[in-house]
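Chain nomenclature is as follows: A, B, C and D, assigned in order of appearance, with residue numbering initiated at 1 for each chain independently.
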Amino acid sequence: MGHHHQNAKMHAVTILANRPEAANIFTLEIDWIPRDKLLGGQFVMIWIPGVDEIPMSLSSANTTSTLTIQKVGEASETLGRMKPGDKIGIKGPFGKGFEPTGQNLLFIAGGVGIAPLMPAIVTAQEQGKEITLAIGAASGDAIAFRDKLTSMGIDIRIATDDGSEGHKGFVTTLVEELLAGGNYDQILTCGPEIMMAKLLELANLNKIPIQCSLERYMKCGMGICGSCDIDGLQVCKDGPVFDGQTLAGLEDFGKSKRDRSGKKIGF
Amino acid sequence: MGHHHQNAKMHAVTILANRPEAANIFTLEIDWIPRDKLLGGQFVMIWIPGVDEIPMSLSSANTTSTLTIQKVGEASETLGRMKPGDKIGIKGPFGKGFEPTGQNLLFIAGGVGIAPLMPAIVTAQEQGKEITLAIGAASGDAIAFRDKLTSMGIDIRIATDDGSEGHKGFVTTLVEELLAGGNYDQILTCGPEIMMAKLLELANLNKIPIQCSLERYMKCGMGICGSCDIDGLQVCKDGPVFDGQTLAGLEDFGKSKRDRSGKKIGF
Amino acid sequence: MITLDNMNIETSIAGLKMENPTMLASGILGQTGRSLLRVAKEGGAGALVTKSIGLEARTGHGNPGILELDTGLLNAMGLPNPGIDDFEEEVQIARRSNVPIIGSIFASSPDDFANLASRMAGHGADAIELNLSCPHAQGYGVEMGSDPIIVESIVKTVVEAIQIPVFAKLSPMVPDIASIALAVEKGGGHGVVAINTMRGMSIEPEMGMPVLSNKIGGLSGPAIKPVGVRAVYEIAQKVKIPIIGVGGINTGRDAIEYIMAGANAVQIGSGVHYRGIDIFKKVSQEIQDFMQKNNYSQLDEMIGIAGVK
Amino acid sequence: MITLDNMNIETSIAGLKMENPTMLASGILGQTGRSLLRVAKEGGAGALVTKSIGLEARTGHGNPGILELDTGLLNAMGLPNPGIDDFEEEVQIARRSNVPIIGSIFASSPDDFANLASRMAGHGADAIELNLSCPHAQGYGVEMGSDPIIVESIVKTVVEAIQIPVFAKLSPMVPDIASIALAVEKGGGHGVVAINTMRGMSIEPEMGMPVLSNKIGGLSGPAIKPVGVRAVYEIAQKVKIPIIGVGGINTGRDAIEYIMAGANAVQIGSGVHYRGIDIFKKVSQEIQDFMQKNNYSQLDEMIGIAGVK
């Protein structure tokens, strides 16, 4: 065919470990790695036989890979009960990931949005970049990768909804402070779209390039069914990571998405 | 698949030249070469659109390939009328070819049977082997590749049915003389099966290894239809070149073949 | 719209003019107006077929709904769609492409088909494609599309209800597809689209179960090309109305096989996965390259020639 | 006969015992007794199906009769065969293999089928396979095999005429293959074989014409595997008689998909081209390897499990 497409074949893979990561968040280690070097933000479709198939970012990929998952419904909860030796199906990896550029990077995670940021943070640190990470979470015990990030010596700023740790309130307020004080070359973020829409405004205001990782309901993950459409772009294939310039031109960003039937609905 | 099979895809190829080779025999040069190094005896299936598809040995393969064809019926006659620029279909190459071993080689061609021997003769000469070639033909003007063989300095012995050149009568008589005089390491032959059956006897009598290239009616050329069956071997895939040991164990060799329906018929 | 020079590869189907013979097949990026627009502008498609739309919104089957196999794709999306009412905006946006918009619809009775067709026409579609062949949505597919009498009656009812051309898309899972095409012609249909996917299944041995949540899906892509070419060939021997060929088209040569079998235009679905959204441009270019090398100057010269030789 | 240790992959179909579940499919190396013998001894097949044999000798269609495509093979041999009388010697030789010999037959009426079947039984065949599904031989194939009433009557007539098991081989080119399988069961048939090839065509663009001399042929190999697996799955939901799965089996995993869908045994045809005559040994070994890794000890444990989960 001559064209390098991300193939969408199903592979049965074995779960090697299931570790608690934070309140309501766990990490599955699987006996599988992507073919090419992983960019944070790239994701796989995980088939839980008899239950569902859902998109999931790869939170790391070395000799094994990990998925870091928040329990929100049947599929994620079923995954949470899985034990070493259990099997799941995997398709992918799919999509375009983060591409950190510049020296001084500001990462901003909303909740489990830290998962797709992790591979980018690790790579950026290996490349000797300066890293600041702002995390917004429901409470202090819901912050994933805390040990890992601390041992890496990352400068972490925390905002919690309940004020149990760090700034009480929105992470965006925290970011406004950081932007006022710091001199960042790039913002990389994943979290609720409303949060990211606000961050896009802040980035534009401060003339800092930004990359955001989006979520839409995904059926194929491979760019053909149209279920994840945002203004004619497919989040699964053209994203999930988009740059600020692209996002600024989209009518739907931060405003509306599609339900499983393709109907437009507001956020 | 991990298994190297001879693929049977159809390719349209262009005829570059159509040269007379001998009485009733012509050589087509085609804009196509086999993927791997050719062994004499390996063949292709040639599709003449609207007419037929027939097996044909490759008489050479370098930057282009050649087919050397005797006019015997509709397909071969249609090919004889083809001009540069005309197109034919080709599948292959198929089958197992000659493997010259030893220093002093006796090649024996019956009629157009010289065609599959040519690549083996050329290779053997390149490797510095001693070559004797016995040719049986209807008459002196029916001997193909005469100029080429002469310019190569090959020792040619001729037998003709009409006595117009060389020994009058069977080439096998000529071979009996050669075997009495010479000291051959191997016999390589292609021609009528009755001739080759006689040569197998002579080879066994003289304890000389022999390889014969057989013909059977071919439909698939790829070893699955069973049309070219000889004692459970498929001439297209297990042959067309067989060694004397294999042939000695076959009931059908020199005695019977199958018609297009699979019925056994005598020679 | 893209302009392609050298060879003339314009074609037309029942009065719809196309600058090149490649259309987007139904169900691929055809759910939103903006993605349709993009397939025309960025992708180079000569016409666009929408996702199949029904009377009501449907979420479709659960995930997994699709996977890639060694020789093609297998999907059981289950006809998800926002319903005909919500689809007006999408058609309106798609129309900005200036290429023909073909509204695909599915229903379970002739009257529902006619109802949907007139609303789709009202939304601004240039033609209607009747999906008579979905292999994995109970009550909406092959059951109807394999009976010539039902097919004729659906086509007739729709043709009488609207002013724009009506095409019927057929399933290959029948003993004699040409007789179904004949029923389309008899019903007054303006064109036949062949083929839809073939019912297939993929089982994951480690799990001991079918992968698709619906178990059975529709096979598309390279695997079904020989079946589609044969179907178009057989239909071309039997009917006079135009034929749109679809199934496993990835390259210009694939498209040419369909055209030589008798197709006036082709559709591409799975190929968007294999070669990207600009596959329509690539295939159009490859068709032109072939024509140049083989001394054709008009697409018309190739249409159906494999059936007359 | 080969002995395979470790896992037990023996199976049986209507009383025919097989040391492994792989059979040679009809039409591949099945025309002579000696090639059949070789497929068992050298190739490792657990049972052998002969070429389809008719009342009279037939030369079949002219060449080209077969070609390889990107996703499978396309053939229109046209049922060449020496006729039932000349076939006795071949069956006798094939019997030396000590594996079950299944005589495939084709005809155009129930009585001719019955006549052929009793002669094939007389020649020494252990079972009969009725070819109700040849896609490219006018009058002998899909026309009959797609009508449940005709199928039931053919099967019934044959079953009443002979003492050995009767299997019917079905075409996938029907809207509902399970209903045809049901007709086989109702007629008293002892097993169903699914699937035969699918009608397809390949056109060579440079020539502007179909490659096969018969124009239309039967598609086999990897392309049709998902269709075959689905067919076996659907049939297994509907009938109780054993099922023999065939279509695109190249590896142990392919065979296991069929077995999990409900097949008691499988047949391999095109795979002989892709992996050589010893594909039967290879596939048997791969099935054992899979069973070992996944804690199965008997083939039976896998049969049909994708249908119950």
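Quick notes on this structure:
The rule is short, and it goes like this: contacts are C-beta pairs under 8 Å (C-beta built on N, C-alpha and C of every residue); 3 or more make two chains touch, one makes a residue touch a chain.
Please read these numbers as outputs of a predicted model, since none were measured by experiment.
Path length between chain B and chain C in the chain contact graph, taken as the least number of steps between touching chains: 2.
With centres defined by CA atoms alone, the chain at the far end from chain D is A.
Here the CA centre of chain B is 36 Å from the CA centre of chain D. With centres defined as mean CA coordinates, chain B is found 66 Å away from chain A.
Mean C-alpha positions place chain C and chain D at a centre distance of 33 Å.
Across the assembly, chain D contributes residues 69-70, 202, 205-206, 209, 309 that each touch 2 or more other chains. Each of residues 50 in chain A touches at least two other chains.
Interchain contacts link the chains end to end along an open line, per the touch definition above. All chain pairs that touch, listed by label, are A-C, B-D, C-D. Per the touch definition, chain A reaches chain C in the complex via residues 1, 3, 5, 7-10, 12, 45, 47, 49-50, 52-54, 87, 89, 91, 219-220, 222-227, 229, 231-234, 258-264. Of all the residues in chain D, the ones that touch chain B in their complex are 27-38, 51, 57-60, 62-70, 73, 75, 77, 80-83, 86, 202, 204-207, 209, 211, 213, 250, 269-270, 272-277. Partner chain C is touched in their complex by these residues of chain D: 69-72, 74, 142-143, 146, 171-175, 198-203, 205-206, 208-210, 215-216, 219, 222-227, 229-230, 233-234, 253, 256-257, 260-261, 290, 294, 302, 305-306, 309.
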